[in-house]
Structure formats: C-alpha cells, structure tokens
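These notes open a run of structures that come right after.
Next come two complexes built around chain A: one with chain B, the other with chain C.
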Partner chain A sequence: MFQDILVTGLVNGSVYALLAIGFSLIFGVARIVNIAHTAFYMLAAYGFYALLVKLGLNFAVAGLLAVAGVTALSLACYKLVIEPLREHEAAVLIATIALAIIFQELMLFAFGGHYLGIPSTLDGVVRIAGVSIPYQRFVILAVAAVMLAATWALLYATRLGLAIRATANDLEVASLMGMNVHRIALATVAFSVALAAIAGVVVAPVYVVDPFMWLGPLVTMLAIVVLGGLGSVKGSLAGAFIIGFVEAITVFALPAGAFLKGAVALSIMVLVLLVRPEGLYGVVFEEEER
Partner chain B sequence: MRYWLRRLWMQLRNEVLVLPSRTLVLVWAIALLLLPWVYADPYVLRIVTLTCLFAIFAASWDLLAGYSGQVNFGHALFFGAGAYASALLSLKLGLSPWLTVWAGTAVATLFGLGAGYLCLRLRGSYLSLATLAFPLIATGLLFAFPGFSGGELGFSGLPRLANSLLGNYYIAVIAMLALVFGLWLIADSKFGLVLHAIRDDELAARASGINTPRYKLAAFALSAFAAGLAGALLAHYMRVTGPFTLETALSFQVVIWGIFGGVATIYGPVAAVFVLYPLTEWFGGFQAFGERRLLFFAVIVLLVLLYMPRGLAPWVRDKIETLCPRCKQRNGAWRTHCRLCSAPLIATDRPRASEPDKG
Partner chain C sequence: MLRTLIASCAFALASTSALGQTTVKIAVLGPMAFVQGENHWMGAEMARDDINKAGGITVGGRKLMVELVRADSNEMTSVPDAASAVERVITRDKADFLIGGFRSEAVLAMQEVAMDHKKLFLGVGAAHDELGIRVEKDYNRYKYWFRVSPTKSTDLGRTVFGVLGAVAGDIRTQFKTETPKVAVLAEKAIWTEGLIAAAQKNLPAMKMEMVGLWQPSAVATDVTAELSAIERAGADIVFTFLSGPVGIVTGRQMGERNMKAVAFGINVEAQKDEFWGAAAGKANFVSTLDTYAEVEITPKTVPWVRAFKERFKKSPTYNAATYDAVMILKEAIEKANSIKSDDLVPVIEKLSYLGNAAVVEFDKRHDPVWGPGKSLGIGVQWQDGKKVAFWPPQVKGMQPFRLPAR
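The block that comes next holds the complex of A and B.
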C-alpha cells in the first residue's frame, strides 16, 4: 500500500504540477481565469490518440505534433476570442468556459463519447530502491521532471522569464518599463498551454481518453492553484504534490476512498484558505487592493 | 373603487409606460400569465415552467455575484441543498411537498450562511475558486453514504406540488415573478446600494461604518434562499433529484446565464435564461442538432459576447433608452428632452448606463 501511495502520489502530483503551473502563469501574467486550460490537455490527448492509433505515427512524433498543434490552437483562440474581450473580465471568463465546452463537444462529435484506450507505448517495470514503477508511469515522472526544470530555467535564467515574472508582479509598472506586455502574455499563454498539452500526451496511455476528461483535473487544478496561492509558481508546485499525495492516501487508505478523494482534497484547500486567505505562497495583487 | 383604479392607471402611465424597458417587462409578465389560455401546448408549457425555475436560480446568483461581487462558482450547492432536503423530507417523513419546499429552502439558506461564513475572508478569484469546491465536496459525501443520499441515482418519484400541468405552470410562473421582483426590489433598495459599495471597494465601505461581514452574509443567505427554492421546486416538478443538481456544469451554466444577460441587473440573467434555455431546447428538437446542441449553445454565447461584452440586457437597454446627463434618470430613446428635468438629451454623446462596469 505504501508503494502504491508513493507512486500514485508522485505521478498524479507531477501531472497536476504541469497543469497548475501553466494555469498559475496565465493568471499571473494575463489575469485570465482560464477554464479551458484542461480542455487543451484533453485536446492533446485526443490529438496524440489520433496521430498514434489512426495514422500510425511513431509515438515521439505523434506526441510532438499533438503538443505543437494544441499550442498553435491556443494562440489562435487567444488572438480571436480573448484579446477582443480583454477589458471585460467577466466576459473573458465565460468565453473560456464556452471554449472548453466547444472543444468537448467537437471531440464528442469527432470521436464519440466512449472511452478510448491508447496502447501502452512501453511495457515492463523499473525498480528503484525496492519500489517498482511501471515504465509508462516512469515516463510521466521523467517528462514532468524535465519540463519542471525547463520551466524553472525559463523563468529564472532567461530575459523572457524575467519579463514574465515582472509582469506577473505588477502589470502597469512592467508596461511602463517598456515591456511589451501583450507579447509577454502571448508567450505565457503558448508556454503554459504547451505544458498542459505535454501533460495530456504523457497521461493518455495511462488513463483513458474521453471528452469529459478535462472536468476532473480542472477542479483539482483550481484547488491546487488556490491552495498554493494564485500566480505563484512555487505555490502551485507545492500544492500539486500536497493534493496528489492526499488523493493517493485517501484512495488507498480509506474505505469508499475513491468517492471521497475529491472531497478530502477540496476540504484541505478550504481549510488552508481559512487560515491563510491568500494561499500558501500567495502574493497580494495590487489591483485587488482597490 | 374608481379612485383606486384611476390611481393604478396613473401609476402605470407615469412609472411603467414611460420607459420602454419597463413596458417590455410588463408585457412579458402578462404574456407569461396568459400563455396557457392562448397556446396550451404541453411541451411549450413544460419548457416555460423549467425556464421560470432556472430564471429564479440565475437571478439569485446575480444578487450575490453581480451586486456584492462575491462571484460564486458553486451556486449549484444551494440549488442541490434545496432539492435534496425537500426530497428527503417528503420521501422519508411523508410530509406534504408544500411544507418540504419551505424546509428545503430553509436548509439551503443555512448552507448559504455556512458558505458565506467560510468565504468572509476570501476575495476575488480566491472566493470564486473556493466556492467551486463546495458542491463537489457535497457530491463526494453523497456518493460516500449512498444509503442516506440515494447515491448516484438520487431519489425519484417525489410528489408533485400540483397534479395538473396548468397548476405546476402557474406555481412556477408566480414563484418566478414574485421572487424576481422581490430580488429586484432588494437590489434596488439601500441594501443593494451597500452591496454595490462592498463590491466596488470593501475597505472604503468598512471605513464608512458599514458592517461588511454582516451584509455579505445577508447576501449569501438571500441568494441561497432563492436558489434553494428554485432547486426544491424543480425537484418536485421533475419528480427526481440527484447529483445532477450539484454538478459543476450547472454552476457554470448559471455563471454563463448571469454574465450573458448582464451582471448586477437581476433582470439581465432572467432575460438570458428566457433566451438561452428555450433556444437550447429548440435546438435539441432538430434531428441534425440533437447531439450537438451544447456546441451551438457555446458558439452562440461566444459570438454574442464578442458583440455585446457587457451582456445582453444592458446592450438592449442602451439601444432603447438614453440616460439624462443632468439628473441621471433614464428616458425613452425617442425623447429629445428629459421627462423629469427637461434637460436636452444629446443622442450622439450617449453616456453609459447607470451600472458601473464590473472590474
């Protein structure tokens, strides 16, 4: 049981981290509550399925193409739908909900509502310190670790990362310092959606693919982001593993745990918020002090 | 008698018929009340009944989210609380639905107070995302104790409030008219003004001596009251209740209705429900659309938003009415001078409607 908890917690935690960090970045830089974030994750899983199973491509090529396609799509959505509405925060919010529903319905129409399984791309298990991890899950861990390191490098070692952090900290001052905040927002959206798409591609062989697979992770992701503090990358990372392990412990250690895993994770979020209303690593945004 | 009739007519002429928007509302209310005598198609009556119940739900969301700025993403919690409490009482204790509907509403109000209490310290997006969790926690508990809650299937075979189609129709329409008008009166009163103040600047409201936690709790309780009543009425009308009353999709649906119709207006979300709900049903009627009606719904919402980002009702009202630049009263668009202070109305430089943009 301990082994199950450890592996499941790590794998789910790293998938959640990929999703939550992207969401958090978009919120921090562009102030968009992007409900469609996990819909892009779902689209990537479908794209991977179509390229791998229907077209018979190599799985690395299929994965890369799926991620690239979804990222391009997200940029098109941002340009066509979100940017004309940017001044109206409420309208942006329901535009992202509408986009998510549109994607869900399109997938339902194209692939049907049943569960699609992707054949495991790798078989066998790897043993590390007495804990055996199936290769497929090990791939998730490895990819997530690489992507998290890449995110860290992007944010803390490049000029673009500096600009992203500055914009997230204070949009107006960043703009006054001569940063092109629109282009930074665009870059952030592309990068964040790419993270979500990668998560979608790597989990597709482990989970099942269906048009409603975005709703569950959406709620968990929102809980993580709120738990860690909106707009904080560090908080999202910590929150992702906290929730990942709490879910794993609930499922494996409690009776009827599978039903309660969401409830327990969300209750922890609510409890943390009661003590710290701005989340674990939250920063108070200037605009919200109005 | 003649005096009162005359007074009623004067009231009507001076307060309602001078403004196209109020006339429109009056015509709509009368049309709803007369519909069964003109066109008594059971399918249409059923759709209108459901539309009315969802309209109550949408209006209650607007009081909380639009006026006091507590943008609730888990409004289905109150809807589900009302539905479940009423269903449990009427099935397990065998009470009359006329009693249990009120009991369900009371339970929902308590849930509103509880949720409001938990949310007192939260603001902005934190509040929205935390409230999203509440109905999901409730759903998890329902699934974990299927013996008490009916589990995934919920309850069916609830008693109806009235046995005839017409009776149920009038219960829904009258409940909707009374509650929406009541919510509008509350929102238009001094209480609503305080809620506006809390939304725009909570700190300043507190500094002006307003007990903001108490007002926020009151807004939560009132909103939950109306939402719970809608939920309980819907449960008894459909004769089923289940986890669908707590779904995230329902919470999102009410957010879409609210923002699509125009926030902080009460009538906006009601108008949105009356446009969108029958429209989705109508799409469902076509063979070709059937499966894809949600897709068309989302596309329509998106397209309409691109043209009227502030919502449907404020957009329409700006087209048919102008705001007097001097006394800030609304006038029919055909007037050249204000009906109250006779200041000239400049058609080209049309000021925005009285409600401030939500930031």
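The block that comes next holds the complex of A and C.
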C-alpha cells in the first residue's frame, strides 16, 4: 500500500504543482486572482485533442501548438480584459470567472458535452514493487520535473526571474526602481498559463476531456495556494505534494470515503490557516500589515 | 333534428378539443448538448417522421401531424433551468405533451411544473423511485406522469443482480473459483445508495465475497488509487455503479493496468458508442446494463436499431425511448379520441404497448412493469471495440460473455 500511495501522491502532486505554481506566480507578481487559470488547462486539453485526434498531428507538434495557442490566448485576454481592470481587484476576479465560464461554454458549443479520450503518449505498464504504473504516469512525472526545474531556473538564474521575484516582493518599489511592471506581469501571465497548459496536455491522455474539467482542479489548486501561502512558489510546491499525498492516503485508508479526498484536503487547509493564517510559506503583504 | 346536429357538433368539439388544431405538439425535454438529450431528440424525430409519413394521428376523424418542440433543459448544470424549460414549453410554446428528462434531481423538479399545469409528461431517462412513489401517494396531482424508460432504480437493481449472477457463474466455471471476489466501485450519489445496500446484503447470499467498497466522486478524473487497492484485494469482479465520466476513467485505467478482474454493473458512459474512443480503446471487457442492441428483445428491436443507426450513424441509448413515448401517445390519443391529458391518463394506464426494447405496461405508480417479457434490460460488453449483448441468454442474437485472460 505504501508504494501505491507514493506513486499516486507523486503523480497527483506533480500535476497540482504545475497548476498551483503558475497561479501563485500570477498572484504574487500581478495580484491577480486568476480563476480562469484552470480553464486554460482545460483549453489546452481540448486543443491537444483537436490537433492530435481530429487533425492527426503527432504528439509533440500537437502538444507544442496547444500550449503555444493557449499561451497566446492568455496574453490576449490579459491585454484586453485584465489590464484595463487591474486597479480594481474585485473586478479582475469577476472578469476571470467570466472568462472561465465563456471558455467552458465555447467548448460545450464546439465539442458538445461529450467526454473525449486521447490516446496515451506512451502505451504500456510496468510493475514496480507490486504496483502497476502505466508509462503515461512516468511521462507526467518527467514533464512535471522538467517544468518545475525550468521554473526554478527562470526565477533564480535569469534577469527576468529576478525582476519577477522583485515585483512579487514589492510591486511599488520594483516600479520605482524603473522596472516595467506591466511587461513583467505580462511575461509572468504567459509563463504561468504555459505551465497550466502543459499540465492540461500531459494529463489529457490519462483523464477525460470535457468542458467542466477545470472546476475540480480549481478548488484543489485554491486550497494548495492558500495552504502553501498566497504568492509563494515554494509554498505552492509544498502544498501541491501535501495535498497530492493526503488525497492518496484518504483513498487507501478510507476506500468507502474516496469521494471525501477533496474535503479532507480542504479541511487540512482550514486547519493550517487557523494555526498560521498566512499559510506555510506565506508572504504577508504590506497592505495586510497595515 | 337540428338540435341533435348541434349537440353532435358540440360533443365532437368537446371530445377532441382538436378542431382547428392541425398538429399535436410534443415538447422533447433533455440536455441537448449532451448524448442523453441528443438521443431524446433523435428517438422523437424518428417517431414523428414515421407517424407523419403514415398520415398522422387520427382524432375525431381528422388527421393531426406530430410537431416536436426541441427544449434544452440544461439539466446537467442547472435544475432550475430544467424546471424553467418545462414552464416555457407549456406557456410559450403551448405544447400538448411533454417527453424526456434525464437527471432524477432535475426530473423531480420538472415533474412538479408539469403537474401544476396538468400536462401529460412521459419520462424517458430518470430512474429514481420517488417519481413513481409520488403518483401512488397523491394520484390526483401526479397521475399525468408516466415513466416509459428506464425501469425504476429498484428494478434496475433486480436486473443488475440477475446479470451479476450470470457473470459470477462464468468466473466459477472458467477459473474454478467457488466464491468469486467482488469489489464494489460506486460513485457517491443518492441513486447508488440502495444498490450498495443491496450488494452488501445479496452478495453473500449469492455465494460471492465482497472484498470492499470504493466510492469515488461521479466526476473523478482518476481512480488509480481505487484500482490499486482493488487489485490488491484480489477481486474477480469490479461491480460498478457509475453514471458520470468516472465510468470512462475506470474502464480505461483497468485496461491500462491489464487488470484480471472484469467490470460489470451500471456504467452509463459505457452504454454510448463514444465510450470506446473516450477510453482510448483501452476498455476491453467492460460490461454494463443497457437497453438496445441488435438482438430480438421484441420483434421490433432489430429493425428499429438498424434504422436508427442508418439514419444517425450511431447506436441509440436508452434515452431514444422517446420513440416509444411518442408512439404511446399516438396510440392513446387514437383510443381516447382526444388530446386532453385527463382523457389519456386512463387509456395509458391500461395500455400494453409493444415497444422497441420492451412490452411497456404501467403499474399503479405509472412505472413500467418489470420482468422478462415486459421491461427488463440487457447486459452488454465491450469486446475489441464493439459493444455486444450477452444477457439474457435466451434472447436471439446474444453472444458469449468474455473474461480477461489470467
């Protein structure tokens, strides 16, 4: 059972990490609570399906085009919808909810309410320590590991990363120091949504693609970023794996209560917040200190 | 003489209430963006065309054409929308009759609106017992409700345990296992509660061992953990009660893991042609209760299923029983010589209608009478990309059930 929990927790945690880190970055840098974040994940899964299954492109090309297309769309959304409202946080929140629902309804209109399946990138299964692990799970783990490493490299080994961290640390000071915070926000949105889109592309062959597939991960992702600390990348990473493993343990320990895995994750979030309101690695923003 | 003539005209007017009316307007209510609603509509369209080609419905010596009103209930996401759709088709579209509905939660609300307006509503989708219980408890209010398909939840349970017994028999014979091990995988929903309780009670009596109960969410996208645990428990059968996308994920992930256990039960997604593609061709041996296949459930089944496939390039799901619902209305209208709901209720209550997958007769709850030769259902299994029927074995055209290799 330990091996099962380890594998399931790692895979789920990796996908959550790809989603939560991007969400956290956007919030940290631009103070945007982007509810449409997992809707971009859903759009990427649909794009991947259309390009791979309908147009017959190969996995790599379909995946790259899906990620690129969704990233470009996110930039257009940012320029047209988010940026004009940025001074009004509540309006931005509502606008991103609207965007998510529009994307959902567009997919419902274009593809219907059918559940769509995508062939595995790598077929087959391997048994390790008595646990059957399909190769596609290794693909998810590998892609997640590469992307998390790339995120770390971007943030800690590039000038853009330094600018992103500086802006996340103090938006006003970064602006006063001459940084173009709007351009940094734009770059952060693109990078974050690309992470979500990559998650959508790698999990699509394991899950089913449908217009509502963004809702479940949204709740989990929100729990993770609050648990880890809003705006903290390190916190999101830790939170993602904590929730991934908690869900796996719940299913194995309480088989008849497998449906409770989301509730257990949310309960842990609430408990952490009671003890540590800023989350595990929380950033206490200046406006909150005042 | 004149007085008699006038009286006759008045009687004719009153009895048909169709003078001046050239059509019988039937509202087809369903989630039209989804497979269920599509099938509601396709079944009704076929019935409309068959009736209209044959000259229409005879009422009071006149022929009335069938006119369908397509009403998207949006019930997958909103129960209030479903209730509003009923209100809309009655008050704005002036529908004479209602057919369709899918989600029990929504249909319970839709039923209330239809009953408020005293409109005949033939259900083709929701299985919850409460819909029929209401008829029995408050007949005068709910008598306008009839369930054409499927059978109520309790009867679905009776069928599913019947088929399970046959599957267990195959396992006993093929693998020399006296007491097959059964893992119950049921989504967390109201409709599965009675079936789980029945499994816990019936399985030991059927000489099967229940090795555990796993309850994912209906919209779970991953059941890896559940399937790992089921494999470890050594299950021979994964007894499923799944209506949501979790049914696709279960089939696919069982295939990916090359599980030795076979999945049987209720898996609504596995009833659809799209299931094989949605499960990326991995869901071999997944089996479920179903309604239609090219087997002789009734003399009408094979030609009708073929005609459906020919026209729509896909197999019907049980929601396409809107065909039977429209035909039942036609038969009742012609017998009653009226399109008034109050006149049709007693006629439908006594009707014995030879349908495409059942002989439909209604009990005191206005539910279809369950049993062989009436409304029963069939067992189907996915075998190498094709959905084949295997139960009940006495029906002509059934094929053998297959088990994964060990």
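Basically, the second predicted complex is superposed on the first by the 281 of 290 C-alpha atoms of A that agree within 3 Å, B and C clash if a C-alpha of one lies under 4 Å from a C-alpha of the other, contacts with A are read in each partner's own complex, and residues count from 1 in each chain.
Following the convention adopted for this analysis, a residue touches a chain if its C-beta (ideal position, glycine included) is under 8 Å from a C-beta of that chain, and two chains touch if they have at least 3 such contacts.
Everything numeric in this text was worked out from a predicted model, so none of it was measured.
Judged by the touch definition given at the top, the superposed model places A:M213 against chain C, while chain B stays out of reach. By the touch criterion defined above, A:G262 lies against chain B and chain C together after alignment on the C-alpha atoms of chain A. In the superposition on chain A, A:G161 makes contact with neither chain B nor chain C.
Using the contact criterion defined above for the overlaid structures, shared-chain residue A:L222 touches chain B, although it does not reach chain C. Of the two partner chains placed by the overlay, only chain C lies in contact with A:Y115; chain B stays clear of it. Overlap of the chain B and chain C interfaces on chain A: residues 108-109, 256, 259, 262.
Residues of chain A that touch chain B in their complex: 27, 33, 35, 81, 84-85, 87-91, 93-95, 97-99, 101-102, 104-106, 108-109, 215, 218-219, 222-223, 225-226, 230, 256, 259-264, 266-267, 269-270, 273-274, 277-279, 282, 288, 290.
In the complex of the two chains, the chain C residues touching chain A come out as 31, 33-35, 38, 76-77, 187-188, 212-217, 219-222, 224-226, 228-229, 231-232, 245, 248-249, 252-253, 256-258, 269, 274, 277-281. Chain B contributes residues 118, 121-126, 128-130, 132-134, 136-137, 139-141, 143-144, 201, 248-249, 252, 255-256, 259-260, 263, 291-292, 294-295, 297-299, 301-302, 305-306, 309-310, 357-359 to its touches with chain A in the complex.
Residue ranges on chain A touching chain C, taken from their complex, read 1, 4-5, 7-8, 11-12, 108-109, 112-120, 125, 130-132, 134, 136-137, 203, 205-208, 210, 212-213, 216, 247-248, 251-252, 255-259, 262.
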